[in-house]
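Several structures are given next for inspection.
Both complexes shown next keep chain A, but they swap its partner, so chain B is in the first and chain C is in the second.
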Partner chain A sequence: MYQDPFSRCHPAVNFCFFLAVIGFGVVVQHPAYAAASLTCGCVYYLLLRGRQGLSFLFGLTGIMLAITLLNPLLNTSGRHILFRLLGRPYTLEALCYGGILAVIFALTFVWFGCYSQVLTSDKFTALFGNLIPAISLLLVMVLRQIPAFTRKAKQISLARGAIGKGTGENQPFRQRLQSGVGILSALTDWALEGSIVTADSMRCRGYGCARRTNFSLYRMTGRDVLLLACIGGLSLVVMLAGGMEASYTPNLYISYISYGFAAYCLLLLIPPVMYLRERILWNRFKFET
Partner chain B sequence: MEQIQIRNLSFSYPDSGCDCLKDVSLSIQKGEFVLLCGASGCGKTTLLRHLKSVLTPRGTRSGTVLYCGMPLDQVPPAGQAQAIGFVMQNPDDQIVTDKVWHELAFGLENLGVPRDVIGARVAEMASFFGIQSWYHRETSQLSGGQKQLLNLASIMAMQPEILILDEPTGQLDPIAAGDFLNTLKKINRELGTTVLITEHRVEEIFPAVDRVLVMEAGRLIVDDSPRDAGRILMEKGHPIRDMLPAPMRIFCESAGEGQVPLTVREGRSWLDAFFAGNRPSVTALPPRPFPKGGEAVKLTDVWFRYDRQSPDVLKGLTLSVPQGCLYAVVGSNGGGKSTALRTVCGICRPYRGKVEVLGKELKSYARGRLFEHCLTMLPQDPRNLFVKQSVAGELAEMNGDAEKQKKVAALCEVEHLMDANPYDLSGGEQQRVALAKVLLTDPKVLLLDEPTKGLDCCFKKRFASTLKELTRKRITVIMVSHDIEFCAEYADLAAMFFDGSVIASGTPGRFFGDNSFYTTAANRMSRSFFVNAVTARDVVELLRENRGGQR
Partner chain C sequence: MKQSPWLNILFLFVLIPATLFLGRSIPGRWYYLTSTLVIVEIMVPFFVSFERRRPEARELVIVGVMAALAAASRVAFAVMPYLKVITGIIMITGIAFGPQAGFLTGAIAAFASNFFFGQGPWTPWQMFAYGFAGFWAGLVFHGHPSWRKPWVLGLFGFFSILLLVGPMLDSCTVFTVLPKLSLANVLLIYGQGVPVNTIHGLGCGLTLLVLTKPLLQKLSRIQRKYGILEDRQ
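What follows is the complex of A and B.
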């Protein structure tokens, strides 16, 4: 399975990056900043998911449009009235505000989409395992149980279907409820049974004998430290530079962007730039040999 | 040096009244490969659990267990966790974490081993077991065989001195079980780890072990080399003799002379010596009759896939099953055998072809009518059917008629289990309860998915006799199975499933007689002498006839 260069970095780098990007994205209402974040987010999302990512982004466009157009219906403040709907004013300011809300909404979704692709469960536990060992093991065990549970539920309902006890659509509600409760109770029995074996297996392998170490596959390299410094430094510049203020209703006010915007763009572009750099490198290898 | 020594161990569970272990004494040397066998419920698992303090059950106990000369309960827990590895039967539930690499590291993490050392050990084990290619996978996506191999590897990463395995291959198909046992042999041979294993499927492992222990009702009755242990069991007529390797059974039952053969190869050379260059005068048994009767189930050119974009699972499957016969479908894993069963019961709908049950097309059955007095299916894991707290409740869920419940319970031999919780029963008992449950729909066609998985030879025999009873009542039974020996012995018709359709079929004698690799051990051993001998009984019978002829 191919992983892009940013995903291959230490989980701490991934986590700090998303913390900064999503944090800024939610807080900053300046249109240039929001647009830059959404654009970079979409680019990175497409790099991660390829063609499959397109449908998600198209879906988001529809929601964005709806948020933009609906906001003036609820929020009527503003000076430039475009028209009146059922006696209520539909203002330009509220429309702009709806637009920025839609963009912020979308960028949060897109960046969280990237987050779930990059920061997989094992990375998360590797990151927080040392801080809270018991909870991280619990998390790992829960993560293992979820797919097992759904699979078992499916097996049980299939098995019951094949003896004429399945849940059909045209059965009365009462019967369907009963059969659902039956499956749930069977699942509980099965899970309890399994947990006894799991507990035995854990004790067999010395769980609770000594203080646990936390093994992980990830190692912090010089490159990761450099990236962390970049993320921290750029975030600091963005905050210090200012020029992110914007307000929409009742009066439209958007401040002029400063050099902070450049720093913000650099921050957002870290994953795509790393991707591009790797592509160029490989292309050069191809031509050199 | 004696690694494990058990002296006069007796044990009984609280409120059970009888002893589960009675005066067991044995010792195991370092580096030995020991097989422990016995019928289900004879106390094997209880004995194994006494070799690890954290697993030792509660109850009254007398006698001592020594590990390297030291009482086991005085060995510190961390030391035990490291030195004594324990693998259980269920591949799924033993796995703790969600990633393969994490599972390998789990034991070492518990012992507080430094991270660098864990990295090295995990790498070593992954290479030894050939796990690299799925090192980064999620544990939930592995096959049963891979899961059990992972359980073994994650224990081996702790570098144990002794490995204890409690029916490790019970839930695996034969190919995966073979891989697992080969790995075990490799561990014993190349690393010198002591191995103590209980198994139902001993055919492959018998030639490799140093010693065989046999338990019966809590007592150790045999402690000998495999050849001698086999001979003793055969002479005693012990019920578990059926699980011995076929060459051994044939040799002993026809009163062979010389060394007892353990493998097919040894069995062949014994037969060679037996006939001493002469051709046998009788080479074939009268063929079993081809079952007659109208068609109970008929599939014509059935094509099926799970999803529009996924590959075909059934590719023009055509088969017809005569009424009142036991029809066995054999074939390797993932070939679509279970899917074929699901098409017959209408859960999977084919996109081309025709499925007929009792002469009527599946589509023309009204919703739910198919499962009333007509067709039913026993799933691979019988526990999937259990939703109530007692066996009586399970049966009542299917059919309110008390008279009928009683009759079916008697047929499946579950009357004495009525008050038990189905989850507390052994594998064989669960199987019978599930069978009783599906039989209460009064089916004319019964579908079975891997019914002999995890059953020992005694349970299999009882299960087979129940099936025979059903077919005598003109109930058609279709089973898919990996268990070639079972199918050869009891099926009326056998079919080979491969690549989405049935490749060959016929009576077991014809079918397995024609195969040269995918066939029973008895057939592989005797095929150059006899034509259609597929079970040990067939070979013994033919040998007797030939002997009579020669004298």
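What follows is the complex of A and C.
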């Protein structure tokens, strides 16, 4: 499976990046910052998901429009009244504020979408496995068991159907409920007995005797350290530079952007730029040989 | 096993007020990030005390199985998609194994199932709300087997969801979507949540009504057969 270069970095790099980007994205209300974050997020999301990502982004556009238009109905302060709806003023400032809220809403969703693609569960446990060994083991087990139980539940319901105990949409409520309880109770018995076998087998193999090891191995390389330093440094610059203030209601006020904005854009562009760099190098090698 | 209460005290009385105090200085919608941080800080002591206990493999596995069952239970009731069973199963785990196991089961079930349905700003809130459901049910019923009458449990489930767990889930919307925290807006969001919470509560109450007896029997059988998750002194 192809992974983009940012996903191949150490999980700590991925985690810190998303922490910084989502943290800034949620707090900063300056339109330029929010727009930059949303744009970079969408670009990276499309790079990760390809054409499949488009439908998600289109879906978001609808929600964004709804948030923008609905906000002036909730929030009526502002000086420039566009028109009155049922006696309540519908103001320009509130409309702008709704727009920025919609952008922030969308950028959280897009960046969380990227997060789900990049920081998969095995990376999460690799990162936190030695800090919270018991809980990350629990998480690994649950992540394996959810699909396994789902499969088993389907098997049980098929088997019940084969002996004439199946359920359909047209049956009365009571019968459907009983069938659900039956499936769940069979599943529980199977799962609990299985869990004891798992636990005993874990103990026999020396669970808890030594440090946890991980399925995927990640090593901190020089590139990872450099990236971590970049993320930390750029975040610090963004925070110190200021120029992120903006308020919307009752008066529209947007401060001038400073050099912090450039740092913010650089921070956001790390994954797309890494992707592009790899593509360019690859194409150059292809043509040279 | 003895546990020092200092960590919990540090979190509850020092870190959370500090977060609230410092969080207010964030310009704009300060409550967005601050509320999420506070929720995470409330959960940390639970996880830390579980880690400190060095749980045995059998305890871990049982909690894991219950969390996975809760998350996978929607398949069993696929013909009734509006019936939400997950909170009911988490509550039953809390009743059987106590508040701490209930909290863990709920929080892990929410976190793990979000790996399938997508993580988002709602993840900490769901973890907390579901964990609280298990904790709360365990707190009330764990030490009192005689209270576990089906209709009591059903009513308990319904009202717990409607009045406590549902509003906790709605709080995520309040803090992340609202442009301004005003009483009217907040009440609007909670008011909109009432129908959803009623359905959720009915599902949970119904689950507790029907499932508690068979599930508790199975769990206590396992518990007695293998001697797990008993209170270790």
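Here are some notes:
The working rule: the second predicted complex is superposed on the first by the 280 of 289 C-alpha atoms of A that agree within 3 Å, B and C clash if a C-alpha of one lies under 4 Å from a C-alpha of the other, contacts with A are read in each partner's own complex, and residues count from 1 in each chain.
Note that in this section contacts are C-beta pairs under 8 Å (C-beta built on N, C-alpha and C of every residue); 3 or more make two chains touch, one makes a residue touch a chain.
If you're wondering where the values come from, they're calculated on a predicted model, not measured in any experiment.
Look at A:86: by the touch rule set out above, it reaches neither chain B nor chain C.
Applying the stated contact rule after C-alpha superposition, one finds that A:162 touches chain B and leaves chain C untouched. By the document's definition of touching, of the two partners only chain B reaches A:210; chain C does not.
Applying the stated contact rule after C-alpha superposition, one finds that A:247 touches chain C and leaves chain B untouched. When both complexes are overlaid on chain A, the residue A:101 reaches chain C alone and has no touch with chain B.
Judged by the touch definition given at the top, the superposed model places A:198 against both chain B and chain C. By the touch criterion stated above, A:153 is placed in contact with chain C alone, chain B being left untouched. In the superposed three-chain model, the partner touching more residues of chain A is C, compared with the other of chain B and chain C.
Of the two partner chains placed by superposition, only chain C is touched by A:188; chain B is not. Shared interface residues of chain A, touching chain B in one complex and chain C in the other, are 121, 137, 141, 143, 148, 156, 168, 183, 185, 189, 193-195, 198, 200, 202-203, 207-208. Taken together, the chain C residues at the contact with chain A in this complex read 26-29, 32-33, 47, 50-51, 54-58, 60-65, 67-69, 71-73, 75-80, 83, 85, 104, 108-109, 111-113, 115-116, 118-121, 176-180, 185, 188, 206, 210-211, 214-215, 218-219, 222, 226.
Those residues of chain B that touch chain A in the shared complex are 52, 54-55, 77-78, 80-82, 85-86, 88, 90, 92-99, 101-102, 105-115, 118-119, 122, 138-140, 151, 154-155, 158, 342, 345, 347, 367-368, 370-372, 376-377, 379, 381, 383-387, 397-398, 423, 437-438, 441, 447.
Chain A contributes residues 121-122, 137, 140-141, 143-144, 147-148, 151, 155-156, 158-165, 168, 170, 182-183, 185-186, 189-190, 193-195, 197-198, 200-217 to its touches with chain B in the complex.
Note for the complex: chain A touches chain C at residues 23, 26-29, 67, 71, 74-75, 97-98, 101, 105, 108-109, 112-113, 115-116, 121, 132-135, 137-139, 141-143, 145-146, 148-150, 153-154, 156-157, 167-169, 171, 173, 176-177, 179-181, 183-185, 187-189, 191-196, 198-200, 202-203, 207-208, 244-247, 249.
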